[in-house]
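Here's the structure we're looking at; comments come further down.
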Amino acid sequence: MKKLINEPADVVDEMLDGMVAAYPDRLRRLDGYEVLVRADAPVDGKVGIVSGGGSGHEPTHAGYIGDGMLDGAAAGEVFTSPTADQLNEMVKACDAGEGVLCVVKNYEGDVMNFETAAEMAEMEDVEVAQVVVDDDVAVEDSLYTSGRRGVCGTILVHKAAGAKAAEGADLTEVQRVAEKVVDNVGTMGMALTSCVTPEKGEPTFDLGEDELELGIGIHGEPGTERADMMSADEITEHLTEKVLADLDLDSGQEVVTIVNGMGGTPMMELFVVNKRLQELMDDHDLVVHDAWVGDYMTSLDMMGCSITVCAVDDELKELLDAPADTPALKVQ
Amino acid sequence: MVDDDIQREAVHAAIEAVADRLVAEKAYLTDLDSAIGDADHGANMSRGFTKVADKVEELDGDVGEIVKTVGVTLVSEVGGASGPLYGGSIMHASQELGDGLTSETSVAFAEAYLDKVQDRGNAEVGAKTMVDALTPAVHSYKKAIEVDDLPPLTALAKAVDAAERGVQFTVPLRARKGRASYLDWRSVGHQDPGATSTLFILEELLAVAEE
Amino acid sequence: MKKLINEPADVVDEMLDGMVAAYPDRLRRLDGYEVLVRADAPVDGKVGIVSGGGSGHEPTHAGYIGDGMLDGAAAGEVFTSPTADQLNEMVKACDAGEGVLCVVKNYEGDVMNFETAAEMAEMEDVEVAQVVVDDDVAVEDSLYTSGRRGVCGTILVHKAAGAKAAEGADLTEVQRVAEKVVDNVGTMGMALTSCVTPEKGEPTFDLGEDELELGIGIHGEPGTERADMMSADEITEHLTEKVLADLDLDSGQEVVTIVNGMGGTPMMELFVVNKRLQELMDDHDLVVHDAWVGDYMTSLDMMGCSITVCAVDDELKELLDAPADTPALKVQ
Amino acid sequence: MVDDDIQREAVHAAIEAVADRLVAEKAYLTDLDSAIGDADHGANMSRGFTKVADKVEELDGDVGEIVKTVGVTLVSEVGGASGPLYGGSIMHASQELGDGLTSETSVAFAEAYLDKVQDRGNAEVGAKTMVDALTPAVHSYKKAIEVDDLPPLTALAKAVDAAERGVQFTVPLRARKGRASYLDWRSVGHQDPGATSTLFILEELLAVAEE
């Protein structure tokens, strides 16, 4: 498989420099680290919000750095959690003395490295709180798994926590709203094709022309189930019903929906999915406060999408609607 | 107190052998991780140990310090799940090598290493992880030395043999930990990448020890 | 090839409904037409700016409807110019009595249909002006071609003309700044893979694993040249030099650059390209006023990118920096 | 004045035949357009004529009006380059059929149609477009009727033959107009889609006329 890269080993480093070159007024790279922070980090009087994880999910994470969202983002190798020392450096750079909230996606690697980083930062007197996002309803949270994965719902956590921090709230309050999102969000994804990592250069899994994968994550992992090819409407119905079954919402509940592209899906197709999704929301008597459509949390070049539904109350609506000014998401 | 220079050299040789092996097996480990994970275990391990090999070369200090550096380097180079598991556990267990590498301290190291992996990753035997290769290997090694009074080389050979069985044991299991667990029953029939890299490392330690 | 669609014949219709469902407060569909306009069109006292063309270039065109950019966008079938009656309907819906500027990409189909539409609208007393964008430097404008194609530079025309219209300028002034962009912009594109149209369901052209196409358009046309696979740096150098040779800028000239993804390219790779592009701008003593990176003008799921350079003076800088609030582009 | 009903029926039959043919050739025309264009000519033509067939069925009025509706429908259904070229030119030329379809008016129609295509598209013969099939066809038809005084059926057969040569003629040409021109020399060796659809239409008109 062909890619617009130089050496696979350099891709994350060059991407980060390319991002800074695109947004020199907004982003700054920590010298010697694969970490981007706000150009003006740490922001006086504000709780810092940081995230991070493997690369390959662009615009996640660094695309969400800016007013009203993240202060910093650490970029691991493709699909590989950043190391604890990188995370620690980021946490310190984003602490203005008000403490730092780490938004962690629930993968063992991410959790272990963030925990270590938190321990390291706390030893240097930075107050650190953590929220672990696990919105993927495809994986049951049971003895038989390492818990649900954190996927596209993470963006809503960044948004709500970032808005709360921008208001000047303290770390406990910021953590509370982040956890409120986690408690109210569910996501389910599917793939038409596998992604191709720069290192491997071949599809992670093989999928026939008449097959698709349901319940995928965002790392090119095979899904929980392989199924025969379906129409966009059928796929949308399947994903949506899974999410709604998990959330179990009351009729009349207000929600925010996301149709998220996996990186290789034309936007045209995402809107086709959104059309059916909004019909289904209507059928279920859910009131859509906002409908997002785009590539928010990708898997490199994978073709496919995920559907996220988040139940929102007045507080979350206000936080999700609050201004944000980042390369990848602007709300005004 | 044993001779520092000889031990240092042995450790250097071992690290080089491990690094070479993991680089050679990069594609294979990544293939295993493609089937039930995210296709990066080969890249993670070879990147980490290549850096370790580069770094340790220059290091003096006693064996405990060198091994600690190995762990620290892995922690800051590997990332993912295997970074903290391998690196953090080596770092932690290196404390047991304060008095140099002997039969006794090697057993203590092995036990401390296994404990830390289990503590950090929270995986029992049978969860289809590196723990499945590591546990029988450490148990065999300890018994061979402490109960059967066998020489370390023989004990290490038994550990390799045990790890090999552990790797095979992971194949029919349903994963409970790590990314493979997301696949639920679909993980059955696939060999765990981390158990496999654990075996490769032990094989290289044995090969170097035999020389 | 698998796609997230229902019937190929329905894809444009469903996409448009899905867009309106995502932005019900911003977009309105003209009943019975494949045309989206601002929810509040026509905007009193403002010159209307409209565009349109074949579908498959999303977020172009309808994604740029909103404050500071377009008033309306017509969506033809995939890669097929909209028909004159659709365009006429759009022009009329976007005329508040101040006239309408049609931004047309230079393809014979688009030009002929827009011309017919303009004649129709003028018969109904709508003042219509046209600007034809032809920024693609891959095609020589000579007796032997139907002229250069309009590609990603079109977005800058939308932006500048939209900002000028938002200021309250009259049709002549709006047309003048649109033409200023056209006179100062160049683009060159390349593809690693062909796109797959919903109708055909197979790649439009075959490309080996070790080949790429240079000088492609945005309709899955084969490029002007097939070449051996190159690194991202080499590709960036090739595209950039072609554009710069065409523009022939003075040293010290201020420019805006765009790295545009063709739809199937991970954002990671676009940033890798941007890194090298910015180094080259520096080497050429060009002063980068702004660097855009993203999917602006796509070719369905094609993997590849284009590079756009636009020389800017104080007026264009101000217009490109002016606020815009559209689904796909927000400047604040 | 000729019999309106018979003429209407003939026109209906011709439209149906053309629509069927273009639907049948959809994939082929799109393949030709894939090589040097944007892979939609088959879809454009079959979509347009299917709609025409649906619509014209219901239409009364004289032949000129029916043909005008064909043009209008194509203009509003096809889009792209072929929409205004086919549709707009048919619309324009339909004026020549005010007195019904005769040998004379058919020649006038053909000439007006060719003129409009050239006027709108601004393509000379040899630019590798539909003009290359159309020009020899119209010339042959006109000469057969006006100079050689042959019956319309024979004239039409000559037009088809000429169009066929025109289509073959496009193959070795370098395109100067349409999307194929972007390919520059790479367009050489490929057959023009629009010339091909022009031939198909003429072939169907001949087949219907022969019945």
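Order of writing sets the labels: A, B, C and D. Residues in every chain begin at 1.
Methods note: contacts are C-beta pairs under 8 Å (C-beta built on N, C-alpha and C of every residue); 3 or more make two chains touch, one makes a residue touch a chain.
These numbers come from a predicted model, not from an experiment.
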- Message: Just to be sure I understand: going only through chains that touch, what's the smallest number of steps from chain B to chain C?
- Response: 2
- chain A and chain B, separation of their C-alpha mean positions in angstrom: 32
- Find the geometric centre of each of chain A and chain C from their Cα atoms only, then give the gap between the two centres in Å, rounded to an integer. 29
- Item | Rounded Å distance between chain B and chain D, as computed from the means of their C-alpha atoms | 75
- Query: Are the chains arranged, by touching, as a line, ring, star, complete graph, or other?
  - Reply: line
- All pairs of touching chains, please: list them by chain label. A-B, A-C, C-D
- Item | List of chain D residues in touch with chain C within their complex | 30, 34-40, 42-44, 47, 75-85, 88, 120-121, 174, 176-179, 181-184, 186
- Taking the complex as given, what residues does chain C use to touch chain A? 1-6, 11, 14-19, 21-23, 55-56, 58-59, 63, 192-193, 209, 212, 229, 231-233, 235, 263-278, 291-293, 295, 298, 300-301, 303-305, 325, 330, 332
- Message: Could you list, by residue number, the parts of chain A that touch chain B in their complex?
- Response: 9, 54, 76-86, 107-109, 112-113, 116, 138-140, 143-146, 149, 197, 199-200, 204-205, 215, 217, 219-222, 224
